[in-house]
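Chain naming follows the written order as A, B, C, D and E, and within any one chain the residues start at number 1.
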């Protein structure tokens, strides 16, 4: 982007210099760097998923990443736009999408899912930064209401015989009440000893990744923390009113998509607010909605729809903003 | 002034035309509509109750005046004998009235079947009253002249899990059906003779 | 530039096909297209109302005072809507049940009122009938097409007949409300791509 | 009281008139490009729908039903709504000009807003009592307004996005409305 | 260049450079030809003098008829060309090139007009010192429509890397004292506020004036932020400090005024920082109008294709087309950037990461503002998204992950809007 100002005859020089506008410094941050960091942060959770679920998990994750990239490539070709694979955002979408799937997800599901995420969720809105909803969340929500069985982790992962109880804690909670999840200790949950998506069960890994991203300033800590706070407080309130039916915060915090939602999904840049107070509201209400859906809604896990609802509200929330300097009235 | 009169005249004529046309269409289709409604709303329940009957119960129907209300009765012919009758009654459920059809054998006053026709209960919970045969089959063989109750209230019916209100509502409806039956039995018996 | 009768008919099929080109009458379009059959049924009902109301409006266009024309249109349209409602109840009750309140709601369907106001009130009887028929057929085609797409992907059937065989796991999203919106949006996109007017 | 609250929640969120019952799509797409028009339309619908709901209920209960004229419901309701809108418009213009300024341009659009007619018919079909009808009329309208405002918020955002040409405007609006409907699935089973 | 730190949670901390010791000053010998740039648009017909006119050092050259714009020659010689120079957004300037003669003659018009320090008047300052180093804001001080009641003397430098003010505080505090007393007399304003960084506090206090300390993090020394944080007065959006009676003047300009009356000569030497490609900095003194190429020659700097020359600081300066661009009275620094160090500007859209919102000192919703600016909707941007609240610090562009030229968008939007408004006003 060079200014096309004309140069006066007297001052024409043989050498051409780069002329652009201030500032002449940049802090060196790049979209691709951000995305590689997100991938790095997600790595521990994915690795543990692969260790537990083996080759099928590798298949799902790699198919998911590659098909997402291919969809992005195909779209850019068809729409005659410059290729945007390099920024890594399609890869991140594919990776997060794969992390949420059960290891036995069939190939066609992965491909449809990444199509929905990349094309419907992101590209038709004009690509990176313009999507009003988190593409991954949109894709998972659409697939979840279409193919419930595949997302029923209990049924889906029946064939696995690992060294822990293959039970999806939230499903057990929903169907049989709090007593059914007594057997889960916090340590087990943190170590991923529960059934669930490939990359969404290893609590410790996700927390570590999340903290890394927060420290690097890549995700907004306000959203993650207020999301978790919203979950804890709401779960606690429900738990206090009826401890037999409603589980306490521990299960809600470490089971299902909570942690991956807090650190990787709710924090997606373009679908979340950027001002301080809106970020807090966004996270807290998303947490509240999550527990509400889990406890009284029809879905087993509420993270996906809670985030989707808050994505929807986010443009309105962002209208709450500090007064600009010198703004009159 | 002329214009206003014209407007009024046009509107009136149009309305009259519309009213006339509609009344005519209404008159022409009324019978048919009633039959269709019976076939598609109550038909499935009736057929379910009168499973195996040899006639078309929707055609073989009669009406009896019960106070201000006119009630329809559908006759089921088994083995050449018209001795079963089904009719509608209502119970109060969680989300409003529950409409149900009850079939009674007029020889032994026993209920031969019950089916829910209309309801606005919670999908997946109360709505099982209509879809879950385990629940509705419990009513088979009960006496039509005795009140019907769920087990907690001292009756014989197992309430559906999580839908006690709906279960109770259905029982109230069945009891109400028994009352209607008791009240109108003489007339029913009289009419039934025509189908023999 | 006067159009020929054929042109009046054809425009409703492509150039001004509702609801794609004229973004009108979306509610029934979205609501009743869970299956081809419903879409077709709704389309036929609309054709009938559209043709009759266009005919009557154009017949009476010299008598109806312009100040109360909208009221007159509404009376005429509502009359035919009720006729459809009654006839459908009498002869196609299951369809009536699935289409539900969308049959009476034809009365507020912008297409019907729109054609009465924009075309029939200004044109002769034959033209108006042709226009109504064309628009109605166009509407029916749209509904049927949308219904077909949604039914084929959403339930794996076409007119209730299985298309992909038993191993197909239907993309249920398509027959849910969000699917209706997304599907219509994407079809609109296809239309825009196809007809670069 | 609790029943009414549940009914209201159900009408606003779970069975949102627009996103679950597909009623009122035309004004939904038409008036959602700007936040101000969305708010105006939402207010106008709430205003008219509550009145229409009450009046049509009374007409059904005291005019159509006693005389066995239920089959004339469609024509009766549409005429009532059309004249109500006219009347409201005239009344506002004369007595509350400020409100008229805000709602005025939206009022004529409401006649052909099938959400209004639809809710009146739903009230009758579901056999709601008068109070229930009022509650549902208000809540459905509020749900309509809520969806409209949320949609306008999102739409203002995507207005400036680099949307591909064939998808511009209505097409992308419809897809976004689909996402909106998807998000409202969150409330399933809550009332 | 300062890169983002590993821990990205906190805001980027761009520290102002602080001069610990008085560095040595490298004098650049007088060039063969100097160029004086005036903000006045070039208009051949109204020119008051022609080519070949002889000028003396310190001579005031009125440019156009019916205008009081002038430049002050920094050398003795002959005008070799008068031409138009096109700057940012196509604005036109007048460039006067002077061929330097061998012998230097000093013009004495100022000396006779001004007299000594005691005889200083606002009129003299206005008529002779607008082109002095530091660009004393003479117009603002003498504007009758906007009376000034407070004068803020900036002893800290407002952009990164520049150290001119600091150097002058260290080397020439007496000139500043003199300048301040002149300012007080000629304007009648007694409310003088000195703004100094922590390291300067001691030296600046010696002037005996009220001193306020400014934070050492960019952009706290920008006028709008000084107004808000130190003076406690918020400048309304779209206005400047002088609109509410505050006039900002740099220490350099104060020293220029002081020196001018002391010596009877309009100062013509400019002190600035030269930043070489490797980042090493030198303090340079050169005549106003010296072409940059002469300075590069003195420091053995060679420039290659696609490098960049920046006049001013890295955040608010201007990049130029030619090596011959002259040193101007307000040039605080000349920075040479190697082509490999130039950050890439992309046409990627905003990803809504919120980085700019975190750093914006003016609380502007930049993520939305920039969407409107990109689409060219300047009116909406101004009405709804606080375009005019921008204090032009450039931090948003500095942190932008997408590499959007946000700052440029804002400046051009303000320029376009301003032009549209003027057109409207003139058309009625």
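What we mean here is this: contacts are C-beta pairs under 8 Å (C-beta built on N, C-alpha and C of every residue); 3 or more make two chains touch, one makes a residue touch a chain.
Being a predicted model, the structure only gives us computed values, none of them experimental.
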{"item": "Centroid-based (C-alpha) most distant chain relative to chain D", "value": "E"}
{"item": "Centre-most chain [mean C-alpha coordinates]", "value": "A"}
{"item": "Chain centre separation (chain C, chain D; CA means) in Å", "value": "21"}
{"item": "Whole-Å separation of chain centres (CA-atom averages), chain B against chain D", "value": "34"}
{"item": "Distance between the centres, which are taken as Cα means, of chain E and chain D, whole angstrom", "value": "59"}
{"item": "Where chain A and chain B are represented by their mean Cα positions, the distance between them in whole Å", "value": "52"}
{"item": "Residue list for chain A, restricted to those that touch at least two other chains", "value": "120, 124, 126-127, 130, 142, 145, 298"}
{"item": "Contacts with two or more other chains, residues of chain D listed in rising order", "value": "71-72, 75, 161-162, 167, 172, 175-176, 179-180, 182, 185"}
{"item": "Touching two or more other chains - residues of chain C", "value": "71, 75, 78-79, 82, 86, 176, 178, 182, 189"}
{"item": "All pairs of touching chains, each written as two labels joined by a dash", "value": "A-C, A-D, A-E, B-C, B-D, C-D, D-E"}
{"item": "Residue ranges of chain D touching chain B (in the complex, touch as defined)", "value": "71-72, 75, 126-127"}
{"item": "Chain D residues touching chain C - in the complex, by the definition given at the top", "value": "19-26, 29, 71-75, 78-79, 82, 111-114, 116-118, 121-122, 125, 165-167, 170-182, 185"}
{"item": "Contact footprint of chain C on chain A as seen in their complex", "value": "112, 120, 124, 142-143, 145-147"}
{"item": "Residues on chain C engaged by chain D in the complex (per definition of touch)", "value": "23-28, 30-31, 70-71, 74-75, 78-79, 81-82, 85-86, 101, 104-105, 107-110, 113, 176-186, 188-190, 192-193"}
{"item": "Residues of chain E that touch chain D when the two form their complex", "value": "349, 371-372, 374-375, 377"}
